[in-house]
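Structures incoming, each one as structure tokens.
The same chain A turns up in both complexes below, where it pairs with chain B and then with chain C.
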Partner chain A sequence: MTCYLPPIDKPDAIYNIQILRFDPEKDRYPHWESYQVPFVRTMTVIEALEYLWDQGEYIAFRSNCREFTCGSCAMEINGKPALACDTLLEDGMRIEPLSRFPVIKDLVVDTSTVPERFKALKLWPECKHREPATKDSPPLPAAKSAIEHYRETYSRCIECYSCLDACPQSDSDESPYFGPLYMLQLARVMEHPLDEKDRVAQAAEAGISHCINCYECANVCPMNLSPATIVNELRSKTIRRLDLLFGRRRKEVG
Partner chain B sequence: MGDVTRSRKKVTQRFLERTFRGRPMGIGSYVWMFQRLTGLVLAFYLGLHLLVLGSALKGGASFNQVMAMLETPWIKVLETALVWVALFHTANGIRLVLLDLVPSLNQRSLAYGALVVTIVLGAMGTSFMW
Partner chain C sequence: MNKRVIETKKLDCEVLVVGGGAAACMAAISAKEQGADVLLVDKGQMGKSGCSPNAHGGMALYHKDPRDGWRVHTEDTLMSGGFLNDQELVRIMTQESRRFVALLERFGCLFDRDEDGTYSVRRFGGHAYARSVFSGDETGHEMMIGLKKEMLRLGVSYMDETMATRIITADGRAVGAACLHIPTGELYYIRAGAVILATACAAGIWPSASERQRGDGFSLALQAGAELVDMEFTQYHPTHAWWPFGVRGSVSEGFRSEGGYLLNSEGERFMERYDPEKKELATRDKVSVCIYKEIRAGRGAAHGGIYASVAHLPSKYVEERLRVIFRKYMSYGYDIRKEPIEVRPRPHYSNGGVKTNTKCQTRIPGLYAAGAVTGGVHGANRLGSNALVDILVFGDIAGREAALEVAAHRKKPPFNESMFGEEVDRISGLMARRPDDPITTPPLRRKHIEMMDKYMGVLRTEEGMRIMQEEVARAKEKDLPRLIVKNQSKVYNYELRDALEMFFRIDVEEMAITAALMRTESRGGHYREDYPVRNDKEWLKNIIFRKKNGELLFELRDVAMPIVKLSDLPEYANSDSPWH
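Then we have the complex of A and B:
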């Protein structure tokens, strides 16, 4: 852990923040602890956590790029999932780990089920009857709208799992609705020109009809994407498929 | 690692916490909550409606009795509330259907539109009933 923060000589104010601590070796349950942080202008939550780390309070948290690009530092700040590097520090802030995932320590959660589910959903372009590309083969016939969607939406998702945490219908990995992130990724591979797999059926099996149109995923997304709109577009394709009406939702996905 | 899980906050708890701690949720969540509550009220009303109809159709005397009971102002207030509840449920239901058919619509303005429709039609219905 390296600290980038310059020493704080003249703080504007002393802020009290509360952090939900949990150490699996000592504690049985998570507990709140309050800390005092000197606030200087433009101080973010991640800088406050690094300041506490410098003071000897070893609070476990994930951070990497500090510029809203990697999506590692998503945590619940005042009950709302947000990137810690994107949120300015306020007095009386309550910081807790993402509540959808099991906690490993302090603010670090176990998100290992997400890539496993990505693998189970086969989120890569699947094509069967296509010869391997050579030097002379023509470029892919990609629609202009697909390129636009990839540039404007799908490539901008940083996979911070804020939308999964905000979704009230996707409580855990056992809930029938997988969550907005998976739907966005399904829409991404569906628009790929090489993809031949039945993604609409996959979305139906992943419980897309459980979405309640609350748009909380769009409200919390740090990249200002709207997964809910994508979910609605996918679902409008799902409800036009008569073979998906009954009995396709609880099957093994893949 | 990761086998100690924190119990996830239920939707209602999260909703109330966020609402009363000054960082409210989006209007989509509020109209969803109201949609659920009004749906419960309407389901309860359906049973009540059948019960009242059943007791009214037993004979002439009981019919008059039930009709006199329905004329009392308290029942009238409840009926007015029922009109508002049904109007909101209908308007928001139409919003949801529209969002399913045309996903690119702006859900927030549609939600405000549903509220405006509810208020206008509810005011008309209230003035008609009283």
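Then we have the complex of A and C:
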């Protein structure tokens, strides 16, 4: 499991951490377990989990890039969603899986509904006629500043699902509000020069009006994006659309 | 025979793509566009796994300067690759690549523009002109977003967290793969008319930063009977973060170009001694070699790296000019204005890999390969930002060719039950066995990583490599048969995954060492202290491996130069430096 790191010869301290364990083959309910890990300055949660793994504590968790670019290792650390590879280890930390999704084992959750919803929302540039790409295709019309804004505002999202976990209005897939991630993705594809779909209507149908403006999503985003600001901008567009205020049902989403 | 402790299932598809990065997604998309029934199996999660999202640099595909073109790009690639490249593949890459930036933008990506609305391009080391299209510092990430959305749009089927353990062949043809589904512990027999390998390379068998590249594809191809080429060449990045603990990724060249020093334990700026003129700004390979020489001479830093310091520079200058690095370390509570960091060369790419032809076919009919798992395009050393181009161009070709082949055959291949049964027994046996003197994966893996770094790393000698060769032979005979999996869980049993990877690793190590011992010269990513110069007279050859009846065979083949001859580039031809 471990990435190759310098061996820990002289730890600076020994920390106690707690991890919520659940083994579907044995347990009926999740339960807390305490562990001791050596701490070296600047060590993060992911190294603590990897250390335990090497010791024969087979705690299931997802991890891939370890550089905050893949978004695989989001978990709740001291009650807040965060990336394990981006959170410095502290004594007494409590680590548990994201609560927005069903737990499969230990810290691994079932996020398979996210790509399904991406698909239902058609989060790609949706247009009637797509010119084939050739060697001589000119760049799509987009200004330098627009692209920079697009990247800083939306495209940096690594889909770690921390914002979904933090959102009090979207605590499961049953909630009427899809959640901040989807709103950000809708706003993102709306900026694409080829996209023709009515994204504002989709946002309304995905329950954007349920956002209570608590900014929790912006507080937890490891990439320092602000889904809440995006939701506000998108929502102001839905309010100006009278056709969206009446009548349309959720099941038509997509 | 062992009791079968694992469940099995069967699946059917026309084109099976193994891998989850950009090459795999591109192959799946292009096969699907041809109308094939495609299934992608991915060891991680689709769009998040592999190393493509971590690629920061760019895609060298836009020859914007009027003096630039495919031929100049080809020459640059060949000089970096020590002329060992397959020139036909390089030609295809440099000629066909331009379309892909437009294609990715149709998938939903957007790349940086200049004020006039044309693509902005960067120049990378070794490229004669600026030709790399990028998206800030997150090109690979942007690319994966688009590919992932296009996969969803086309409705390509995919299975996350599924690891191929064996390519299944029948009558010398690839007819599917045995794949371990990690969430359930079931072994799938996925039958397919064609299999595309698009797993990453094997940098992760060294103490690498790209540690998810564990050489699965190399071993799968070898076991299936395909050929592998240039396995001795590993690309090192000289300054990867090493200490403080837990900081990851490369410390970019900016650190040195803005005036940072590399210091040994005596506080000496040792690069002045090795290269009085360029000092810290010598080429990557040279800096790597010098750092290792210092570490080996006992002048390494406290944790085994070498010190890199900007403490002598004004605080404000550091904050402004090294903003990204400064912030990254600050987020770990480490102030680079006051304290030196430790860096160390770490490999991040295997230049060699599965040998393919211009249609991405391997020696085994029905088995295709694309992306970092292949060898030949980059020769002995890859140019920065050529990787993202390679994976797009050849991913696309592999997907299309595989789909066309399947469409031409139409008939479903037979199930090779006996071969699949052997694989079930192998994995069941691994799970069930309890020898008297067992060994687990973590210590064995750590030992091999450390030894690979010491004996097969930047500095290679006959003596050191022989030690490693003996260790590999010993591990194969003594350690692998007593390797156990303690964890008997079926759900998310990563211990089983890691143990299976140990078998792949040994195959890759064996090939790399055999080739490195054979090549008595230095070239690109292969530096031998006992043969420190390039020898074009004897070594314009590729070393090619394949396996027959369990035995590793090798062959030396002269390099063909149909497009650019060595004599076309006299300045390069007249030098005997291993690096360009």
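Keep this in mind: the second predicted complex is superposed on the first by the 236 of 254 C-alpha atoms of A that agree within 3 Å, B and C clash if a C-alpha of one lies under 4 Å from a C-alpha of the other, contacts with A are read in each partner's own complex, and residues count from 1 in each chain.
Following the convention adopted for this analysis, a contact is a pair of C-beta atoms (placed from the backbone, for glycine too) under 8 Å apart; a residue touches a chain by one contact, two chains touch by 3 or more.
Note that this is a predicted model, so its numbers are computed, not measured.
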item	value
Three-chain arrangement built on chain A, chain B and chain C clash or fit	fit
From chain A, separation angle of chain B and chain C (C-alpha centres, steps of 10 degrees)	160
Touching partner for A:E233 - first (chain B), second (chain C), both, neither	first
Chain B versus chain C as contact partner of A:S137, first or second or both or neither	second
First (chain B), second (chain C), both or neither touched by A:D54	second
Which superposed partner A:E216 touches (first chain B, second chain C, both, neither)	first
Touching partner for A:N16 - first (chain B), second (chain C), both, neither	neither
Which superposed partner A:R41 touches (first chain B, second chain C, both, neither)	second
Comparing the two partners chain B and chain C, which touches a greater set of residues in chain A	C
Partner chain in contact with A:R62 - chain B first, chain C second, else both or neither	second
Minimum distance between Cα atoms of chain B and chain C in the superposition (Å)	7
Chain C-contacting residues of chain A that also contact chain B	24, 104, 112
Chain A - residues contacting chain C, complex	1-6, 8, 23-25, 40-44, 46-47, 53-54, 56, 58, 60, 62, 64-67, 69-72, 85-86, 88, 104-106, 108, 111-112, 115, 118-119, 122-125, 130-131, 133-135, 137, 139-144, 147-148, 150-151, 155-156, 158-159, 189, 192, 194
Of chain B, residues touching chain A in the complex	1-6, 8-9, 11, 14, 17-18, 21, 23, 25-26, 28-29, 32, 96, 99-101, 103-104, 107-108
Chain C residues touching chain A - in the complex, by the definition given at the top	44-49, 51, 53-54, 98-103, 105-108, 110-115, 117-120, 135-136, 138, 140-142, 145, 149-150, 152-153, 155, 160, 183, 207-208, 211-212, 242-249, 303-304, 331-334, 440, 442, 446, 449, 486-487, 489-495, 498
List of chain A residues in touch with chain B within their complex	22, 24, 30, 78-80, 97, 99-100, 102-104, 109-110, 112, 168, 171-172, 212-216, 218-219, 228-230, 232-233, 235-236, 239
